[in-house]
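Dumping the structure here so I can ask a few things about it.
Naming follows writing order (A, B, C, D and E), and every chain is counted from residue 1.
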Amino acid sequence: MTGFDRILMTTGAVVLAIVWVLPLVYAIWTAVHPSEFEARFVLTAPLTVENFAKAWNAAPFARYFLNTFILVTGIVVCQFVLCTLAAYGFARYRFPGRDILFSLVLLQLLVMPDILIVENYRTIGALGLVDTIAAIALPYVASGFGVFLIRQTFMTVPKELDEAARIEGAGPLTILWRVYVPLAKPIYLAYGLVSVSHHWNNFLWPLIVTNSVETRPVTVGLSIFSTSDSGIEWAVINAATLMTSAPLLIAFLLFQRQFVQSFMRAGIK
Amino acid sequence: TDLQFYFPVAVGGGAAEVIQSLTDEYLAANPDISIDAVYAGSYQDTITKVITAARGGNAPQLSVALSADMFTLLDEGLILPFDDFITTDEDRAWLDGFYPAFMENSQTGGKTYGIPFQRSTPVLYWNKEAFAEAGLDPETPPATWEEMVEMGKTLTRKDDNGNVSQWGVRIPTSGFPYWLFQGLTTQNDVILANSDGNETNFDDPAVVEALEYLVSLSTEHGVMEPGIVEWGATPKAFFEGQTAMMWTTTGNLTNVRDNAPFDFGVAMLPANKRRGAPTGGGNFYLFEGSSDEQLAAAVDFIKWITLPEQSAKWTMATGYVAPRPATWETDTMKDYAADFPAVLVARDQLEHAVAELSTYENQRITQIFNDALAAAITGTKPAAEALAEAQAQADAILAAYR
Amino acid sequence: MTQAMTQGAAGRAVRLDGIVKRWGDTTALDGVSVDVAPGSFTALLGPSGCGKSTLLRIVAGLEAASAGRVLIGGADVTKRPADKRDLSMVFQSYALFPHLSVAENIIFGLRTRGVKRAERQDRLERVASLLGLSDLLDRKPAALSGGQQQRVALGRAVIAKRSICLMDEPLSNLDAKLRQTMRTELRALQRELGFTMIYVTHDQVEAITMADQVVLMNAGRVEQAASPEALYERPATTFAARFIGTPPMNLIPAAALGQAGAVLEQALGASVLVGIRPEAMHPAAGPTNGPAALTMTVTGAEYLGADALVQGRIGDAPVLMRVPGHAMPAPGGTAAIAVAADDFHLFDAGTGARVTVPDPVSLLARTGLPVATPGADAPVLNQRTP
Amino acid sequence: MTQAMTQGAAGRAVRLDGIVKRWGDTTALDGVSVDVAPGSFTALLGPSGCGKSTLLRIVAGLEAASAGRVLIGGADVTKRPADKRDLSMVFQSYALFPHLSVAENIIFGLRTRGVKRAERQDRLERVASLLGLSDLLDRKPAALSGGQQQRVALGRAVIAKRSICLMDEPLSNLDAKLRQTMRTELRALQRELGFTMIYVTHDQVEAITMADQVVLMNAGRVEQAASPEALYERPATTFAARFIGTPPMNLIPAAALGQAGAVLEQALGASVLVGIRPEAMHPAAGPTNGPAALTMTVTGAEYLGADALVQGRIGDAPVLMRVPGHAMPAPGGTAAIAVAADDFHLFDAGTGARVTVPDPVSLLARTGLPVATPGADAPVLNQRTP
Amino acid sequence: MLSRQWIHGWLLLTPALAFIFLFTHVPAVTTVWNSFFSTPRGRRPSEFVGLDNYERMIGDPVFWQVLVNNLWFALGTIPVSIALSIAMALFVNRAFAGRSLVRMAYFTPTVLPLIAVANIWLFFYTPGFGLIDQVLGAFGYGQTNLLGSPDTALAAIIVVSIWKEAGFFMIFYLAALQAIPPQLAEAARIEGAGGWTIFRRITFPLMMPTTLFVSINAVINAFRLVDHIFILTGGGPDNASSLLLYYIYETSFRFWDTAYGATLTVAMLALLGVLAIGQFFLFDRRVHYK
């Protein structure tokens, strides 16, 4: 790559990044300034933590964070396990009905869970799980998205590696665990981050299926600020948003390096 | 007795905490009752949660929900009238002690289904400094439609490029435009729907005229921003000096007081044929599927929380209009009003207020109406045509309820 | 189970019975039957694309045969999956796990089979030092040279001490010296542990020096399966004759031998090719006046370090002769050639099959070809060190 | 541009100047300087892991040197990216594009350079038939055998006719016959088009028969860069001496030669190793009564098809001798050995460097070693066909 | 060997499928079933109405309008967001100073909750003091009411969707880039291919499995990414920015016309099923996996 290309690419990357990060920058701006400065960007604006204080006090956030953490961990672990197994089945086994089952999985991508809340609430009610963290998680523990994504990745794992492991006496699950999963590590990271973000931010279903502080996730606390009857208070919403998403942003900063460590370099002809 | 109580929060300022603390107070006084007060999101989330839970066989005993959703809940067969629990004279007195304007939305077919709780009404806010700068009397808001146009013209300012830097007035039209528009129709002395909730008057000439007036504010007179005017950004636009006057809910009073960087006034909406404004906000409902014991406890709780003492706390914390005259007679309330007279505007306006548009299949009917308003405001259709179409659609839907 | 492995399992017999493999309309294997004795070392030899790897993969259970049966230790394993066949394999493309270090790659099989850590470590050290990988154990395959990668693949296969070991060109990327060492080591290991080895190679020297049996393949068929000596001394077809030996055997149409050739063809009643290995041709002592048939016109010579290849023609057939570097005839001249009777090979010109003659010596005598005294250059039997 | 390519570009010189390559704390190349004349054929030879591929990748511009300069055609290209260096390359791991057919793989470079379709087709056909790939053009690489894949990689490099061609073990997976053909073809192609070839191989025969210059590497350094003959005849170090020649040169500590060795060391004033190639040792005619020094105790023999390797000892140093198959001494006995004066090589026992003696013949005469008449087995000059 | 494959295959799928069936397919079938009944209302119980709901849908102008809106929305978002996501992944897969910050910038849309983000965009779009108008104003332009006029509302929504999606897809492309052996790019480079050619002829084809995945998701998202509409426009003005799923929400959860909501859902599932599943089975066989 010539120097010129490099500069062009880098410039493009940075310009795009600035546009992309603007909402975050704006959120930070408003969160640390009094609300007069929501729409006025003067560098001399006074800093304040009041918005954060207000947000923190509006709901039992400590408990909500704990709930969210349990919820998200549970979902992601279950998703990893269930989706990995299913994806492996779809990627490397041939059996009658496979295509039909796979289209049923794809169908789950299309069906928005929110549309089914009434029915799902009924199911959860029948299981006696209303107002539990498990109730929030159950409809999501098997994800068509995850199955599809991991299947796509498993399909690109060189067959020889599978074969070599088989020769070494590894059974299907050992191969899955010791060959496919490590090779798909970047995808698991990607999926994990996406899934965590998604469930961290999911709102309607948790709101409906839970009633108590002991089970509700942070988004429920966050939503108190996003009501619109009295106009939008950007300063507080954004402070609350930053507060609740900070763990995600930090997690991404920590994990993103993993995306760019090559796993599949030489060694496979 | 165990009760579950859903409540929405639609304004900032710790409304949820106030409800929780009031509940706790009640529980302390009534140790044999336990109430699980569940924050249920916005009004829209709350109704979804209520109906979902009810369909799942798990309805709460009581809930606050939009007063306008009464017919919807009735239609779903979810709510019970309060009348069965009004047994004593004292109870009857309590029920009669609400402002009639609020009760309009709470009763149908001779029965009371809702108890007003977090109720509001739109008022006009004006920027006194802007008035002064434009050479108007900062203490006199427009009292009529014509005055609003005239003053608006004076207040509208343009910069050197000919771009408007300050509009005269701002009547938000996003989300639920029918509500503020209902102010205009009421002032034009027309009712949008009958009290049985099965007949609308969308194509009434007076309604058309009101809509034409609204449209003319930006097209003909150029005193309001063209296109759909965003509800949520309106207070901010007012604070930023983007507009000299705004129509919005009394629920914004605290917000405006805290954040307006200038001196402002609050007034009743201007009049045309008459003064007028809709009411809005949420009522208490009782739900089907609860035991009599639970219902009795629920009614008791509602009675308690609407008593002047509690009601005053609630009003001062949130800016909602206290729904009973008695509340305004308390000392706390009087002190508060003396300190901040603007809160009285909404109360006084109640005299002229009417029920918020509410019909069977309320959300759909209002949506149809909203679409018609949006079409006229954005110039896609003439007002008369848009409203006639809306009326036809509404008729088709409501026919089933006549 | 662990115990059995530490001691190394005794080899099991492998039998392939009429194996056919097709992909769409290409036929990679066309009825291959091979018998591999338990504990023996069998080399699969053949030109590129002849089906060696495919056959090996079918033995391993990685590829399903389109027809035919695979028997291991007498049991029909045609439908048994690879991980149940108890064998190890070196892949032609190495198939190293890119996410694992060299050490982890090598002990992969031990871990899946639950061998204890201490023993794993122990064996790993021995294998690594055998293969010269001791300093590289912590590297990822991506940080290895081609030859090092190949050695890791080899390590993975030999550490397991399975009863059958399959290797697909395991030494192709190693230099001569290392290769020589590895050959000796592999052979010694195989002898010591007694496992059955099936070894794919394109290198005839490897096949001949290492194997008990060489299976020579061509275009999906077995040309000849025999001991290395038999393959060299009595090639069954012209293909085998030309494939084994560097440079390959000269195949001279009988017609090019003039009168002698005519006598030969007449005696055999078929048109034949006369095969003579370059190293079996010796300049006759001093200029001869014998029959013109085995007079070679020298056209050039190639120096190969220790010896030289003399290019020339007999009749109009091009031939090569191998001589010690110091015994090179000058290009442009002619040289009379002597060949021992045992070193004449006859093949049917049509089918390419070897023609066996009851009494070759007297037949040759009749043709008048200058036959050297038999036995003088008969190859000595393979005396490889074990 | 297109025109230049159809005609083949004349080779450009390549110069490597003090190249160092480190990865973390492993040093793959440690100050390598090589000069490659334009249009010449240079082979990089050396044991596995010595840095051949790395050096080639640095020439190609795929790897940045940690220090040193790369000059192509006189211009410093150290910082020029690979696609601007105008060369072609065969990767050790082939690096075929898995999603493209064989034909598309081969013409990939022509397409990127905008060669017309008709010409592409034309060249493709020629290259494919040269490499025996004509029937496989529509296949994906995954459906090819190892050797076929390697040939595709070769095809991709040669079709381009660039001015410099880099090849990393391009024939390692081919059988002897095909390999022989490919060697000749590659060499012919290179001569015809005149491009500069840098050719990595672990196979000394390939290096010696094909190259104008052989660069012998060891552990990231150049041991010797010389013509094949010089490398064989005058190895600069013990490493070179042992690396070239199969089996390798015998290196006998002077001490093992008894009295003669002592004389030698005394004359040179250093402890030395005496190098004698197995093929330079000849059984002296008839039993000799000469000095014991060059009497070999025969312990075994290995039959290699055309000739045999005799294992034995001189003093206590193990030695190998190569004899024609028919001239094998019987194991257990002793054999007197004759070696020409030119075939004695002397190396410093400490540094391994060659010791040059002004008048070797008289020195040897003083030692009393049985020297054969000079010239009798002096290797003939390389007379390869072009 | 075959039946073993079957058993293993089924065993692997069972746990995931059980959950998917319980929480997706069973309720979805109920939904389809409901579409043949009328919505139960207090006084009128649900009754079988056959295809009445479908007839109503065919005659519903709003349905057709949101469908057309949705097609424009799909056309506007899918190609742009996929192209941008690939560009982003390529950008941040190289080394340069500040790379991790840039990468995080692209990732922010995925992390921030949509309610909050939509409000921020609402601010950007607000006429007068909104960010866009402030920037434009600095160049002397007047106010623009992007969300409040029917001509631009949908476009404004599309921009937010692209912002949200591109960063999301970028993550998958970034992961996919890691799986491509670098020798292939090297070989192409040797053959004189520049960055663009390498991308077009090597990288992109080898990322096809991801592209298939992403494009199917993009198609689906074009129909299901509506959260921000609730806050930005509420589907207005006059349904100008309403999409099919938004209309379904309104019908089902505001109008509580569950039968008609179910009917619309069936229509959407049918449409998407054809688009997405068709797309999958059409392309999966052609994608080069390895």
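In this section, a residue touches a chain if its C-beta (ideal position, glycine included) is under 8 Å from a C-beta of that chain, and two chains touch if they have at least 3 such contacts.
In this text the structure is predicted, and so the values were computed from the model without any measurement.
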item	value
Shared chain contacts [subunit B and subunit E, defined touch]	A
Higher-contact pair (C-beta pairs counted), A-E versus A-C	A-E
For subunit A paired with subunit C, centre-to-centre distance based on mean C-alpha positions, whole Å	57
Centre-of-Cα separation between subunit B and subunit A, whole angstrom	38
Intercentroid distance (Cα basis), subunit E paired with subunit D, Å	60
Chain centre separation in whole Å, for subunit D relative to subunit B (CA means)	92
Overlap residues in subunit D, where contacts from two or more other chains coincide	81, 93
Touching two or more other chains - residue numbers and ranges from subunit B	48, 51, 175, 232-233, 236, 240
Shared interface positions of subunit A, touching two or more other chains	1, 38-39, 118, 158, 183, 203, 223, 228, 232, 234, 262-266, 268-269
Parts of subunit D lying in touch with subunit E, wherever the complex brings them together	60-62, 81-83, 86-89, 91, 93, 95-99, 108-109, 111-113, 142, 156, 160
Residues on subunit E engaged by subunit D in the complex (per definition of touch)	181, 183-184, 186-194, 197, 201-202, 205-206, 208, 288, 290
Residues of subunit A touching subunit C in the complex	158, 160-161, 163-171, 174, 178-179, 182-183, 185, 262-269
Residue numbers on subunit B that touch subunit A, as the complex places them	4, 9-12, 14, 16-17, 36, 38-42, 45, 48-49, 51-53, 55-58, 120, 175, 231-236, 239-240, 248-249, 251-252, 255, 259, 261, 319
Subunit B-facing residues of subunit A, complex	35-36, 38-39, 58-59, 117-118, 121-122, 124-125, 130, 203-204, 207-208, 211-212, 220, 223-225, 227-234, 236
